[in-house]
Every structure is written in structure tokens, then in C-alpha cells.
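Multiple structures follow.
The two complexes that follow have subunit A in common; it is paired with subunit B in the first and with subunit C in the second.
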Partner chain A sequence: MTFNRRIVVGILVLVLVAGGAFLLEHMAKVQLSRNGRLVPVIQDSKIIAYLDAGTIRQLSQQERELRPGQDNSNNHSEVSLSFMLGSTGVVDYQYIEVSGVGNSKDFKLNPGDIEDIALSASSNHHTFALVNRAEGNRVMIQKVAKVYVAN
Partner chain B sequence: MAKEDLTTDSKPVDSFIFNLGMADVIRLTMFGTLISVSRFVFHFPIGLPGHTSVYWMGLLILGKGLIPKFGAGTIMGIVSGLLAVVFGLGKEGPLLAFKCIVPGALLDILAILFFKKLESIWVGVIIGALISWSKLLTSIVLGVILDIPMVFLVMGFAYATLLHIVFGAAGGVLAAILLKRLKPRLAASWQT
Partner chain C sequence: MTGLLLIMFFLSILPLTAFGAGGDGAGNTGGVFKPLGLTTATLEDGTSIINAENVPLKPKITLHFDKNVVHLSYWERNKRCFHLYNENEEELALKVTKIDDTVDFSKRQYIWVEPTEALFPGTNYMLYVAPDLLAKNGGSTLAMTTNNQGETIKFKTAGEKAGNTGKSTGPAVVSDNQSPEPKPVEPPTGDVPAQTNTESTLNQKNEISPARPAVPGREDTARFAAMQQGRRMQNYLAAAAGVVLVGWVAVEFFRRRKRGARGEKHDV
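And now, the complex of A and B:
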């Protein structure tokens, strides 16, 4: 192969790399959102944040540091829904709708209901659940898929 | 007889490592050190991922262009990687060294594919962009190994790729321009 042809192939590879990166990111978002590994937080029809099990663990650590003596002081993978919403910049809202992967039931939560609700990262390191602390960490949704914030 | 002895004596020095002489290895060590120091000194808080590629990849290509032997890129990568670990740059700990070694090793391979014509602007663009992107890919692999949240790895991957390509290409162009000017001047003394 001549030198000039190699240059052309090299430029094509660069274009493919750049285009492929956009395609790969889009596919990864769709695929991971589908199985609950990447959870979008939606407000005003826009995705304002993405969450995953790792983020929940990090938020849990921050919450324990900022609010010592809370219910989750011994749980290293659980963060309250209110703290999560605050960290994504959600302040005023009418209700929160949390849906799960597959055919699981959706939950509509008013601002007064979310105090005892928490997100708990599962031990398999990939997904997280919606739990009710007031009922002994009863699992409401096994794998959270989407959090919708209604204004 | 005396000539024969000289040849025999000079053999180990001529192939110190990767068929590179001691002098070349010392020069490559200097480039590796420059890469680490430049990353340390010129790390601007501009919030653009991959902006260090301008001088990082530029210096890598410049070093490889001036010492166009196989293994030159890898040696610069190893030296800059070890120094980066010692300086404590990055958050990956000792694994950070791989982020420096991979672009260097890839540079050795790509230089062969482009007939070692690193003074060509287009070759600079292609090689600079590709080795810069290889740095990003290594970061992501390290992120997976270190169990960094998927959100941080997936989100903005395309944007980071684009910026790494642009900054890497810019570094490659700078290196190509410098090589064009430096190579004729250093040809007599550096190239053995």
C-alpha cells in the first residue's frame, strides 16, 4: 500500500473512531438504561442526571458524612431519595414517579412521602432498588429503571 | 585486530535495550521526563478532557521522530509512566503507568505502518489523534478495573473522544513541524 493510501485509510479510521464513539455512547445509554444499570432522572422532559449503583454508593458516603446519625449510618450502599434529589438539583416538585425494569409496579411519591424512601445499591454492583425504611427496608422496586420528576 | 576489538567492545553499548544504544536510551529518558514534567506544569484547569495531549503526544512523536527506532515510544512511555506514578499524577495509583505506556507502544507500531515519516503533517495528525485516543481507552479500561461508577465512564465518552482526537492531532502537527526543522540539524549527531 502506498504512503498516500495509508494516509487516506488513517483519516478514515479517525472519522470512524469519532463516529463510532457517538454511536457506542448512544447504544450504551440505551442498553444500560433498559436493564437498570443506568437510570435517567427526568424533569421537564429532559434528562437532568444519570444514576447507577456506583453513584448511589458515593452519594451514600456523602450523606453519611453530611448527616451523621441518620438511619443509613451503618449502610454503605443506601441513600435517601430526598438526598439524591437534592444532589441532582431538584428542589420544587409536585410528585416523583419511580418506575422499575420490566413489568414492575410504578410508584408515585408526593414530597411528604419520600422521607422514609431510600435507594439501595444491590450487592451485584450493577443495579439499585427502591426501599421503604419505615417498613424495615421493604423492597418496593427491585431494579429502578427511571425517576420522573413532575413540576 | 585492534579494529576487531573495538567492534566487540562496542556491541553491548549499541544494543542496550530494544536494539537502542545507551545514548539513545538516555535521550528517550529525557523525553519521557519532559512529558511527565509538562503534564505536571501545564495542567490547566480549563475543564477540557484530553488537553494535555497537545504536549504529551507532541513530545512523544517528537522523541520518536528524532530517535526513529523500534521501542523508542515504549521507553518514553515507561519513563513518563513511572515518573507520573512517583509524582502522584492522576487517581489511578500505580496503574497510571499503563496510561503512558500504551500510547508509547502504539506509537512504535503506527510509526512502522507510516514508514516512520513522522515529519509529515498528515502522519502527525493521524498518529497524534490515535495515540491520544488510546490514552482515553486505557483510562476507561482502568476505570472498569477500579470499579469507577459506570455513569462516569459512559457519559461524555463521545465528547471526550472528539477532544482527545483534536488535541492529539494538534500535538502531532506541532511535532511534525518541529521535526522538519530539528531533524536536519540533529541528523549528524543524533542518528547513528
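And now, the complex of A and C:
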């Protein structure tokens, strides 16, 4: 192989690596969103944040520090929906629509309804569930797939 | 070829080391954190708002820090660090926004602050950023660069002062429904309302914050300048490495071409 050809091949490899990385990232996002491992929070038709089970655990810790005496004081993998929304930068909204993976039922929640609602990270599946604390952590959605915020 | 690949590898690594040096990552195990600082505070047109006059009555202030301050984990904590006061030291309602770093990583160091209601014309205001502002690494705080005082930005709105100015335009809360905010470490003193515009301006230019002496303020500015100079140096270094690489490729290209031409002559 001549030297010129080597340079061209090198540049092509770099372009392919960069392009492949972007493609891989996009494919991973789509795939992980489908099985509930990466959950987009959508507002104004734009994704404002991505959540995963690890983020829920981090938020749980922060909530315990900032709001001591909350219901989740003993649960290290649960965060209230209101705290999660605040952390993603959501300020004003009309209602929240949470949908799950597959054919699970969607839940439409008004600002007054979300007080007892929490997100609970699963230790096995790298996903998180929507639970109702007022009803003994009744699981409303086992694997959350999308959170839609309506203004 | 091996040399070329090695150089390309090291060039790819160089920006990552610069990124890591900025303390933007998830933290370090050594427990030593680089300080978090405010780099610029600008209006939508890009002009600085620090000690500015003729500021619009509904300004959207862009605060640029030198680390990731928008990470999900600390946003609830961080958004409580922003406070706007009028001349009478009354706190005004603020809208604090961000673009999450999981969506746009390039905006991780920016926070936008906007009063929820229009300000009064010809009035002095003070934007206070509390020292507890925390970077994503979980250890760098604004207290480290502000001598535990937080950052104070003074500005004056455009227009003539009317008779009834400086009144609170809303409740003293950030525009979300979270619990009451902690008070800032040092209560702001503000400017004396009876001062003339010229006097106010002079005072504003001579001290960054009334809650701390002027000298530390200058030190902070110098520190920010030093940080920026360090970043510029990193950029120059990367550019120089690029030039060296291109030059080396060019030299190698012509050397081999020349050798090839000689070989052909020998063959003939």
C-alpha cells in the first residue's frame, strides 16, 4: 500500500469511527428507550432529560438530604415524582402523562395528584416503576418508558 | 504508520485530559476538588450584566460557570441558590432554568435566570448566587472562589426612576413549588435609594459585593482570568500538536515521493 493510500485509509477510518459512534449512541438510545432502561422526559415536544435507574437512586439520595423525614427515608431507590420533575427542570405544567413499556396503561396525573406518586428503581432490571406511596407502594407501571409533561 | 496512529491516538486523548482537568466529571476519589467559579454573566445580546446600566426590564441573564452545574442530582439544590433583590432588599420571584446535560452536553455550564415579572425602570437590583452552588463532581462549590460569600451581581435597569419604585413584584420564591429557600449567608445591603445615579455607579464600580471587601472580588476576577488563560493554553497546545502532525505528514509525503522518483531513475 502506498503512503498516500495509507493516509486516505487512516482518514476514512477516523470518519467511520466518529460516524459509527454517533450512530451507536442513537441506536442505543432508541433500544434502551424501548425496554425502559432509558426514559425520556418530554416537554413541548422536546426531550428535556433522560432518566435511568441509576439516576433515580442518585435523586433518592438527594431527596433524603434535602427533604429529611420524607416517606422514602428508608428506601434508597425511590424518589417522589415531584422531586424528579423539579430536578429535570420542569417548573410549570398542566398535567403529567406517564406511559410504560409494552401495552401497560398510561397514567395522566394533575399537579395535585402527584404528591403520593414516586419512582422506584428496580435492582434487577435496570428499570424503574411508578408507584403510589399512599397505597403501600402499589405498582402503577412496572417499567416506565416515557414521561410527558404538558404545559 | 505506527507513529501516525500513535500521534492520532494522543491527539484524541488530549481534549479528554483538558476536560477532566476542568473538574467536570463525576468526581474524584482523592477528595480534592477544584473550585467552582462564575465565568460570565451576560444578557441575551451578549453584553455583561455585571455593574451594567440600561438593563432591560425583563432581562434574561445567562450565567456561565466553569463546571457542570445543571446535573439532575444537584439541580433541586442548585436552583435554590439564586436570589434577586431590589433596592429595599426585598427578594423578587425568579425563574431559574437549565438545559439538562443528558440532552445537550455543551450547555452543562449555563444557567438562565429571569425575573418572573418586569423590573422597575431606573432601579438598582442585585442578583445573588449563594456559595452552596455545587458542581456535578459533588465537591466543587462556589464558596471556594468567593471566600464563602457567594457571588453578587449588581445592575441597574433602563429608564427613569418613577416615584413608587423598589416595591416587591412578587413573592420571594423561586418559580417552582419547592420548599422555602434557605437565606443567603450574608444578607444583602443593597444601594441606598437616595443616592444619585452617578454615586451609585461609582460605588458599583468600586465594589463587587457590599457583603465582602473589594479586594477579594478582584482576586476572584484574577482567578477567573487565570483559569481562562489556562484553557487558552490548552487550546494553543492542541492546535500546535495539530500543526506538527500535518507538517510531519507533509514532510513524510514529499520525502517518500522524492525517494520514489529517485528509485524510478535508478531503474531506468
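Here, the second predicted complex is superposed on the first by the 150 of 151 C-alpha atoms of A that agree within 3 Å, B and C clash if a C-alpha of one lies under 4 Å from a C-alpha of the other, contacts with A are read in each partner's own complex, and residues count from 1 in each chain.
Here is the rule we go by: a residue touches a chain if its C-beta (ideal position, glycine included) is under 8 Å from a C-beta of that chain, and two chains touch if they have at least 3 such contacts.
All figures in this text were calculated on a predicted structure; none of them were measured in a lab.
The superposition on subunit A brings subunit B into a clash with subunit C. In the superposition on chain A, A:V30 contacts neither subunit B nor subunit C. Of the two partner chains, neither subunit B nor subunit C is touched by A:A134. In the overlay built on the shared chain, the residue A:L16 is in contact with neither subunit B nor subunit C. Once chain A of one complex is fitted onto chain A of the other, the partner contacts of A:R6 extend to both subunit B and subunit C. Of the two partner chains placed around the shared chain by superposition, subunit C is the only one that A:V91 touches, whereas subunit B remains out of contact. Of the two partner chains placed by the overlay, neither subunit B nor subunit C lies in contact with A:A150. Contacts of A:Y50 after superposition: both subunit B and subunit C are touched. By the touch criterion defined above, A:F83 lies against subunit C but remains apart from subunit B after alignment on the C-alpha atoms of chain A. In the superposed model, A:Q62 makes contact with subunit C only, not with subunit B. Residues 3, 6-7, 10, 14, 50-51, 55, 58 of subunit A touch subunit B in one complex and subunit C in the other. Residues 113-115, 117, 120, 122-123, 125-127, 129-130, 133, 147-152, 154-158, 161-162, 165, 169 of subunit B touch subunit A in their complex.
Interface of subunit C with subunit A (complex): residues 1, 4-5, 8, 70, 72-77, 79, 95, 97-100, 102-103, 175-179, 249, 252-253, 256.
Only residues 3, 6-7, 10-11, 13-14, 17-18, 21-22, 24-25, 28-29, 32, 37-38, 50-55, 57-58, 125 of subunit A touch subunit B when the two sit together in their complex.
Per the touch definition, subunit A reaches subunit C in the complex via residues 3-4, 6-7, 10, 14, 47-51, 55, 58-59, 61-63, 66-67, 82-83, 86-89, 91-92, 111.
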